[in-house]
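I'd like to ask you about the structure that follows.
Chain naming follows the written order as A, B and C, and within any one chain the residues start at number 1.
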Amino acid sequence: MDWLLDPFSGAIGRRALVEVILLGLACGPLGVWIVLYRRSYAAESISHGMLPGLVLAALAGVPLLLGAAGGVLLCAAAITLVARDERLGGDVGVAVAVTALFGLGAMLALAPAVPPRLEELLFGDLLGVSSGDLMAAGVLAAAVAVALAVAFRPLSLVAFDAASARSLGAPPGRWQLALLALLAVTTVVVVQGLGSLLVVALILAPGAAALNVTGRLPAALGLATWLAALAGAAGLVISHHLAVAAGASVALCAVAEWVLSLLAWRMHAPSPPSTALPADTFAQAR
Amino acid sequence: MQRALVEVLLLSVTAGVLGSWIVLRRLAFYTHAIGTAAFPGLVLAVPWGIPAQAAALGTALGFAGALDRLTRSGRAATDAATGLLLVGFFAVGVVLASDVFEAGAGVDRLLFGSLLGVSELDLWLTAAAAVGALALNAALWRPLLTAGFDPSAARALGVPATTADWLLLVAIACAAVVALEAVGALLVIGVLVMPAATVRLVARSVPELQIATAALAALQGVAGLWLAATLNVGPGPTISVLGGAVFAAAALFLAGRRRLAR
Amino acid sequence: MSRGGSRLVEVSDLGGGYAPGAEALSDTSFAVEAGMILAVLGPNGGGKTTLFRALLGELPIRRGHVEVRGRPAYVPQTERARLDFPVSAVEVVLMGAYGRTAWYRRVARADRGAANAALERVGLADRAGVRFGQLSGGQRQRVLIARALMQDAAVLLLDEPLSGVDTASAERIETLLSDLRGQGRAVLVATHDVDQARRWDRVLCLSGRQVAFGPPAETLTTSVLRATYGAELVELDDGRYGVRVDHHSHGT
């Protein structure tokens, strides 16, 4: 028992634990929706493309949260511009935009004589959260969780039948945009703890795992929240005892949950033989 | 510096030939994923004493295989599976790196490349990749063209589309592995995709696309090196930013021209 | 081995689908002889495309038997092809020869000549170098038909070749189909046009299962059409029937 509680005996560990639990509140349910709406690529893109914002904030000594928000806005704007033009081939344009932004962040970070601790921006600084960060995270995460709860009906209508959702009072365009906005806010909150490159793990994995385990949406939303918090706590324990990066440990625990959920699924439903081969890799681009 | 220039020029060949197919077959995300998934291999290469490219290729192909199994069974949605598998591989790399690297510099090199520090082995491997890409392009031209244009009819036309597609994916993995030595695991798109994406906006045939892309890739690579030296920053990120800027400029120019034409 | 020398397509008790337990097609039996045009009627999602895929050997067949002479030439709907792909019309037509060219050989000169000839037959010789995506819908359809001609196949499968096509192209295509019939090939045409179907040799009505098969006079009756199309059937003023088609719902 001591082994489990050890990491949380100090103030740092306790703050980190509160942080991951707060993050779980937002990431759990959000991830379920992102997976259902097939917007994983957007989650990936936004988290990478926001790097310049983070770097500039770190260089200027401004709170990371502001930099994150700025970075996300810039990235979202770039993606919207690019995605509008069909000729740019959708995903290709987004990949170019996101990589260019990420490269810009790296350029800014690697240039000055006093580098702004690039690793923390990339992999997070979970153990370095202050009480101020916690409060901000708490407020934002609670806001996201409440927003998702309130929007449950329209979101589920659009997810399962976008074609008739409009006639049922839920115009798909608006709700897809709302979901992306919530994704943006959540990314801003989580990036401090997990870093730009690992955010996606906590956002997607608990949701994906929950959906694998249960087919019922409300149950999935609840389960995902628990799984996210669990991944956070487990990650902190592992990080403490093995002396490895905290953010990465949390990310790994989350992904492990997803992998386990796949195995569990395989046990009760035999997979249908598929004739499709690399076509799937090609299809994902659509 | 000389070696960096040669590396850039050699990479341009691969960027031209394979980059065109990446863009035409919408494999940009896959390319990025392969590069990123190579990261844990790179981390392990040094302590295990194996050549970086070999380790990188190992983990990259492991990723591709795992992804294929997952999406084949049908339950994992492709986009979620790719993203999750990717971040999983990456997190493993980070955890391993906290043990292997005390200072941060090592990880930076892996993520953003060390173009100025390319070894002779790297050059040979890049040259081999270029030759391989050219050979593959020649041998698989017809199936790739057919499958790219009309996947539903490719098999009906009696063309070995499936085999060609598999080989293309493996070739892209190899290209990503040689590119990442130069520009880093996270920025392979800067070399392999950006020039092709830009030229694609105007190219009228696939051979035209490939040749022009190789030329643009070479130009951007050299310009990127020069710019990086001038600004005293890493060449990997510089090439990506330059590539993005050129792409944006081309897209805006064309959009403006279209608006005037109305 | 096929039993009848002139039967180019023979299907008996065909049943199959994509997902286990969900059959896209069942109880289908028909045959097409050389020199015949078969109209395949049915609602979207009713099994026309599934049948074609089964004939092409791309679908796992759960029950029944399919025999086709040689590899059929397939003309898909033009929306399936990528309009943004940088290929010219003649390059598309040339794809028809790829199946018979070994991977290490260049395409034969004779085949290049045949590609130009095929373009002439569909009336697009002057458009050979134009980018495929820049052609009109009807022209694109004709290019895809030219590609099928290149394959010199005994059996041709065309998926709604006349939908959304301008009159000039449509007439050309209809003439081509008659030519192909005259050459002793078997042509299967998926269509929604009941009038068109009346002009051809046989009709097959599919709606998840086979509703009817036979000469148009016998099969294109009100009851059969209603059984096939259900609510999509629209009675026109002069007593004829039309089908309300929603081009966005491609079920299969």
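Heads up, the rule we're going with is that a contact is a pair of C-beta atoms (placed from the backbone, for glycine too) under 8 Å apart; a residue touches a chain by one contact, two chains touch by 3 or more.
Model, not experiment: these values are computed from the prediction.
Summed over C-beta pairs in contact, the chain pair with the top total is A-B.
The chain occupying the central position, as judged from C-alpha centroids, is B. Taking each chain's centre as the average of its CA atoms, subunit A and subunit B sit 25 Å apart. As a whole-number value, the distance joining the C-alpha centres of subunit B and subunit C reads 39 Å. Distance between chain centres (mean CA atoms), subunit A to subunit C: 47 Å. Touching two or more other chains at once are residues 151, 200 of subunit B. Listed for subunit A are residues 87, 89, 272, each touching two or more other chains. Residue positions 58 of subunit C each touch two or more of the other chains. Of all the residues in subunit B, the ones that touch subunit C in their complex are 24, 139-140, 142-143, 145-146, 148-153, 155-160, 200, 203-206, 208-209. Of all residues in subunit C, only 56, 58, 71-74, 76, 80-82, 85-88, 91-92, 95-96, 98-101, 103-104, 107, 131-132, 147, 151 touch subunit B in the complex they form.
Contacts from subunit A toward subunit B in the complex involve residues 34-35, 38-41, 43-44, 48, 82, 85, 87-93, 95-97, 99-104, 106-107, 110-111, 117-119, 122-123, 197-198, 200-201, 204-205, 208, 212, 243-245, 247-249, 251-252, 255-256, 258-259, 262, 265-266, 269, 271-272, 274, 276-286. On the side of subunit B, the complex with subunit A involves touching residues 23, 25-30, 32, 67-68, 70-80, 82-88, 90-92, 94-95, 97-99, 104, 107-108, 111-112, 151, 162, 165-166, 168-169, 186-187, 189-190, 193-194, 197, 200-201, 231-234, 236-241, 243-245, 247-248, 251, 255.
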